[in-house]
Amino acid sequence: MSDAIDTSGAAANGFEPRITAFVCNWCTYTGADLAGTSRLHMASNVRIIRLPCTGRIDPLFIIKAFERGADGVIVSGCHPADCHYTTGNYHARRRFAVFHDIMEFIGVDPRRMTFSWVSASEGAKWRDVVNEAVTNVRALGPFDAYRALAPEDAGVATPAGPAAEVATPAATAKAEAS
Amino acid sequence: MSVPSRTLAAEVREATGINVATCYQCGKCSAGCPMASESDLRPHNVMRLVMQDRRKDALGDQSIWLCLTCETCSARCPNGCDPARVIDAVREIAIEAGGADMPRTIAAFHRAFLQQIRSNGRLHEMGMVVEYKLRSGDLVKDANNVPAMVSRGKLSLLPDRIDGLAEIKRIFEKCGVTP
Amino acid sequence: MTDVAYYPGCSLHGTSREFDESLRAVAAELGIGLAEIADWSCCGASSGHTTDHLLGVALPARNLALAEAQGFDTVLAPCAACYNRLSAARLAIATEDGLAERIPDVLGRPFANSVEVHNAVELLRDASATIEQKVAVAVAPNPLKGVKLAAYYGCLLVRPFEVCGYDDPEQPTSMDDVIEACGADAVDWDMKVECCGGAFSVSRTASVLRLGRAIIENARSHSAEAIIVACPLCHSNLDLRQKAMARRGEEPLPILFVTEMVGLALGLAPADLGMSRHFVDTAPFMTRLVKQAAERVVAEKLAKEEAAAKAAARAEKQKVSA
Amino acid sequence: MSRIGVFVCHCGENIARTVDCAAVAEALKDHPGVAVAEDYKYMCSDPGQALVKKAIEDNNLTGVVIAACSPHMHEKTFRRACDQAGLNKFMCEMANVREHCSWIHEDRGEATDKAIDITRTIVEKVKHNRPLESIHIPVTKRALVIGGGIAGIQAALDIADGGHEVVLIEKEASIGGHMSQLSETFPTLDCSQCILTPRMVEAYQHPNIKLHTWSEVEKVEGYIGNFEVTIRKKARSVDEDLCNGCGDCQAACPAKRIPSEFEAGLGKRTAIYVPFPQAVPNIPVLDRENCTLFKGRRKGLAKDVCGKCKEACLKAAIDFDTEDTFVTEAVGAIVVATGFKLYDIGREQPEGLKGYGEYGYGEVPDVIDGLQFERLASASGPTEGAILRPSDGKEPKTVVFVHCVGSRDPEKGISYCSKICCMYNAKHAMLYKHKVHDGRAIAFYMDIRAAGKGYDEFSRRAIEEDGAEYVRGRVSRIFREGDKVKVWGYDTLSGEQVVIDADMVVLATAMRPQDGIRELAQKLSVSTDEHGFINEAHPKLRPVETNTAGVFVAGACQAPRDIPDAVAMASATGAKVLGLFSADELEREPAVAVVDENTCIGCMRCELVCPYGAIEQREICAVDGHVCGQVAYVNPGVCQGCGTCQAVCLSKSVELQTFTDEQIFSEINALAYWE
C-alpha cells in the first residue's frame, strides 16, 4: 500500500504505516463523509472504526489496535462543547490526558497517536489529520514491539491469547457468575 | 519579449502568493487610488488584465509605473487581493521581460537612486539630483531649489560613503540588479 | 533606560536634517538614549522594492542585521519610509517561504530577524505621559497650548496594516495623542492617511502638487494652524513644494515634524530643533505662538489677582457687617 | 456459526471507478462466517434490494453487510429490506466503501485493498450483532418556538392551528421582530405593519399559544419528544395580569431621552416603555439600566429618588422589587427562529469582524443604516414618514445608497451575500424618490441580486421609472465635509472615479445572526457555522431540521432570509412538528446501554459520567425477596447511547447494544489481516 499524497517518505524507507482510527459517529465520521462527498484525496493507510462517541473509547481499544499490528492510532471526535452527547468528548479528553503517560509507560511512542477534534463540517481538516498522521508515523517506522505478544493463529471471532481477557472480560465475568 | 510558458496570473501568484482570481472587480481600489485620474489603467484594471493573461497590455502600460505604492488600494480591498503588491510584481516581470515602458523621468529616478546606493551605500541627494538630471534630461526643473537647499544644509556636496560597500555590491549582485 | 538602535536613514542626514536634530534634542530631554547603528546603509526606499522584491528586502535587512550584531533588540526608524521598508522586510523574511534561509547568503552576514522596528510617533506616543508632565512643569509658557494642529500620517506610517499595525490604518490616533500631550488641539480632519505623492516629488512634481494641495486645503478648512508630519517625504512635498501649490495671497501653512512640535512644547528653542531649515518660514508662526502664550500668561495672572481682590473685598464687607 | 451475506454495491461508477467490486466480493466469499458474497450495480435500487432479500431467504442468513455508501445515507433503506425479508434489521450493517474509500483515493489497487479491509471489519462486527427490538418512547405534543419575529409567529400559528399547544418566547418586550420596524415591503410596497399586526394579535389571542415576552431560554434538557425547557422571565417590574396598557406610567416617567431600540436610535423612549404603539402584548417593561429609581439604588442612595410611574398606575401593577423568575415547560419539539441583527460598522467589533474605518466607523451622523432609513420612511416613525436627515433635520437632496457593506467583504470578516440588500436598497431609492421628487438617489452596487418572484422587475423599476442612479462600484471612503458627506466611489462601467457631495448616506449593512445565538445553540446542542448561523441538517434535503432530532430552524437565524423565505421556512417547520406529533410514540434505535446485574458491583461510576442522568441505583433481591445488592439501572427512554458509561465501567457490566466490546474488539482484530 502506498501513500497517495506524499510518497517521499515511502521512498525513503519503503514502509507504509497502518493506522486505525477511532472516530465518533456524529462529528468526525460525518466529517470524513464530507471529505468523501467533496472528493478530497488523502492517504489510504487509515482504517476507520465507528463509535457512537469518543466517550465510548476504552483505552484498551487502542492497546489492542497496537497489539494487532497497527503502527499508529487516530482518535477523533467532536470539538469540545460540540459533543452530540453534550459531554462525552470531555470524558474522553480527560481520560486520554492520563492515557498518554500510560502508553509511554507500556512502550508505545505517544507520537504514534493522534488526538484531534474534527467536526461534521471539517472534511478538509480530516484529510489533513489523516495525511499528517501518516507522514508522522511513516517517519517513526513500523511498530513491532507487540508482534511477539500477538498469538500465532490470530483468531478473529474470539481473540485468543493474552488478548482474550482484555477483549471480553464481561464474558468471562458472566462465566464465573453462572 | 520572449513568450513565457506560464500565464501572467501564475507568475504573479508564484511571486506574491496572491490569487488574482479572488478579485471581483468591485473597483474599491480604484475609487481611492490617488493616481487614478492620471493613469489609464487603474488598480482593478491591472488585476483584470493579469486575470485575463493580457501580458502585453499589463506590462506595456505606463500606468504601472505611476503607482505611488501608497497601499490605499490594498488597505481597503474587500478580498485582500493586495493590488499594490500585484502591481509591484507586474513591474518586476516587466523589467525582467525588458518590455517595460517606464516613463523616462521615473525610470531615471529609480536608476539614479539605486546607483547612489550601489556606489555610496547611502543616498547622496546632490549626487542623485545630478545623476537624475543627466538620465532624465530635464535639467532646468528644480535647479532653482538647489541653492536654497544647500543654504539650508539640506544638500551636502560630498557623499557620505559607508565602509561596508562590498556588502552592498554583493547584495545587488545576488539580486541580479544593475542600476 | 537602555539605548535603542537609531537608524536615521539617508533623509535625516540630508534633506530632513531638522528631523534628526529635533529627534536627538527631544530624546535627550525625555531621557531616551539613541545609539546610531554603525555603518548603516540605505533602505532602498520605494526604488528598491519597485525594482526588485528581493532587493527591497535585502537592503533594509542589512541594517537589521547590523543592529542585531551590535546587540540591540529594537531599532528606531523615525523616517516613515525607512520604518515601512524595515518592518516590511522583517515581515517578509518572517513569513515568505525560504526567504529567511536565503537572506544571510544575500547579505553575506548572519541574520536571525530578531529586532523589532519602531517609528518616532510610536516612541513619542509611548512617552506621552512623560511629555505631559514635563510640559506641565516647564518654566516658559507652552507656546502650543490651544493651538490647532493637524496630524498627517500619510501612507507609510499606517499601511499596510500587517507591516505597521501599531495604529488604526484608516482612523489613526497615535500622533493626535502626542499633539494633545503637548497641550495643543488635534483637529479632526479628513486627509490624515491620504497620499501626498511620496517618491514622485522630483520625478512627477505635478502629481505631488495636486495631491499636496488637497491635503493642505483640507487641513486649512478644518482651521489647522500647522500640519504635523513624521515622514521626510511628506515634509519635503508639503514644505518644499507648498510655494508651488499655493494660490496668490494664500497664507502658507507651516509643516512641522512631530519631534519639532514636542521640542517646542518642552520649551526648546526653534533653532535647536532645526526649524530654520524649513522652506515655509516658521518664524512668523513662532512669534505669533510666543505672543499668544505671553498674553495668555498675563491674562491668567490678572484673572488670579482679580479673584484674590474680590475675595479680600468680600472678607472686608463681612468684617464691617459683623 | 453465523451465515453472513456480503453485498458490494458499484453505486453506478461511483464506487466501481476506483474499487474492483467483484474482487471485494471474491475476497470475502471464503471468509469464515460468510455464506454469500455478491456485487451489483445499484444495491439501493429495487432489484438491488430484491437481490439482498432473496439471498437472505435462500441462504437463511444471520447477518447482512452492505458494502456501499455511508450508513448515514442508506442504513435505513437496507435495514428495512432485511426486516421485510424476515431478518432482524439490526443484524444489517453498512461498510462505507464510497465516502471513506472510492471517493478519496485514486489508485485502484489501494482502494480495492482498503475496501476489502473495511468490509471484512464490518463482517466481523456483524458476527457479534444481536437481534434487537426498537424502543418506543412517548411524545409530548407541545412545541416551543424561540423568537417572536415573523418566522416565530408563523411557526407558532401553524402548529397551534394544527391543534397543538405552543409556547412562544420572545426576548424583547413585544413580538413582531424586525418586520414591525419596516416601512413598506418589497416587491409589492405593501405596508409592513398592516400585514404583520393582525398576525401578532392572532398569535397573542390564539387559545393554543402561550406567550412569554421579555423571556429567554435558560436551560434545555431531554430529547426529541421529551424536552424540558427552563425559561427565564426577566424582571418586567410590571404585573402582566394587572396592567391594562393605559400608558399612564410612560406619560409619568421623567427619563424621556433614552434612544429607542425600535426607532433604531432615531427616536426617544421613556425608561418604562412599550416598544411601539402596536406592541403585543401592550404591556410595558421597566428598563432598569436607564430608570432614575434604579440608577439611584445602584448609587446606594438611602431612599428611592423616583417612583412616578408607580404613583401614576391606577391598577397598582408596578412593582420595583420583582426579580427574574423561571418557568419550566415540557415540550416535544423546538423551533428556533431568533432572526438577525445588522452589522454595525463601528470601531468596536466582535471576534473576527473589523468595522469600517474608511467610512468613519459610523461616527458621521448623516451616515445611517437600512433599518434607520426604514424608520425615517415609516409613517409611524420619528419623522412621520418625512425623509429628514439626523444631523440637522433637513431634507436631503442627494442620498447615496451603498450596497454590500460588510457583506461579500471577507476582509471585514463576512464573506456571504446578505441576500435582501439589493431589494431593500431598490425599495429605499423608490420610497425616497416618491417622497423627495427633486432629489437624487444614487446607489453604489457590485451586482444586483434580485432573484425572486417580481424581484428583478422591481429593482429595474427603481432605475427605469423612479430614476434611481445606479453606479457599479464599491465606495472607497466616506467622510464629513462641512454639512455634506463626501463619497469617493468608482464607476467600473464608465471607468471613472465618482466623487459625490451627498446630504445623507444609507449603508446596506450585512445581516448577522442575533446576539447570544452561540450560547443558545449550545443549550440546544445544535451546531452553528463560522458566522454563527444555525446549521441545517442537510443543505438541500433537510433545510429546516438541525443535527439534533426534534429541533427545527426557521428564518434568518439559519442564513440571511427575506420575509417570504422566513415565512416559508416557518411553515415548513410547522409541518415537520405536526408530522412529529402525528404519532403517539416515537420509534428509536435500541442503541442504549444495558446493565448486567450479575456482574455489576454497584460502584455507580457510570452514573457520574452519564450526560443524560439516565442511570440510577437499584436494589436487587434474591429469590426469597431479601435485598442482596445495589446495581446500576439504565433508563432506556433517557439513554442516548453515547457509551461513556461502558468505557468507565470497572467490571465491564454495562454494555451499549449495537456497540458492544465484542463487536469493537472484533473489528480491531479484523484489521490484523491487512498484511
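As written, the chains take the letters A, B, C and D, and residue 1 is the first residue of each chain.
The rule we apply is simple: a residue touches a chain if its C-beta (ideal position, glycine included) is under 8 Å from a C-beta of that chain, and two chains touch if they have at least 3 such contacts.
These numbers were taken from a predicted model, which means no experiment stands behind them.
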- Sort out for me whether A-D or B-D is joined by the greater number of C-beta contact pairs. A-D
- Note on the structure: In whole angstrom, the CA-centroid distance of chain A from chain C equals 60
- Distance between the CA centroids of chain B and chain D (whole Å) is 51
- Length of the line joining the C-alpha centres of chain A and chain D, rounded to whole Å: 33
- Task: Could you give the separation in Å between the centres of chain B and chain C, each centre being the mean of its C-alpha atoms?
- Result: 26
- Residues of chain C that touch two or more other chains sit at 169-170
- Message: Quick check: what residues of chain A touch more than one other chain, meaning two or more?
- Response: none
- Two or more other chains in contact with one residue: find those residues in chain B. 72
- Message: How do the chains pair up in terms of touching? List each pair.
- Response: A-D, B-C, B-D, C-D
- Report the residues of chain C in contact with chain B in the complex, numbered from low to high. 10-11, 13-17, 39-42, 44-55, 58-59, 62, 96, 105-109, 155, 159-161, 169-170, 193-195, 197-200, 202-205, 207, 211, 240, 276-279
- Task: Can you check the complex and tell me which residues of chain D touch chain A?
- Result: 32-33, 70-72, 96, 98-101, 103-107, 110-111, 113-114, 117-118, 121, 124, 127, 522, 525, 527, 529, 535, 547-548, 591, 596, 598-599, 609, 611-612, 640-644, 646-648, 651-653, 655-656, 659, 661-662, 664-675
- Would you tell me which residues of chain B are touching chain D in their complex? 24-33, 36-37, 42, 44-45, 72, 76-80
- Query: For chain D, which residues are in contact with chain B within the complex?
  - Reply: 358, 404, 408-412, 446, 472-477, 488-492, 495, 497-498
- Mind listing the chain A positions that touch chain D in their complex? 1-2, 4, 18, 20, 26, 29-30, 32-33, 35-37, 39-42, 44, 47-53, 55-58, 61, 64-65, 68-70, 81-88, 91-92, 95, 119-121, 127, 150, 154-157, 159, 163, 166-171, 173-174, 177-178
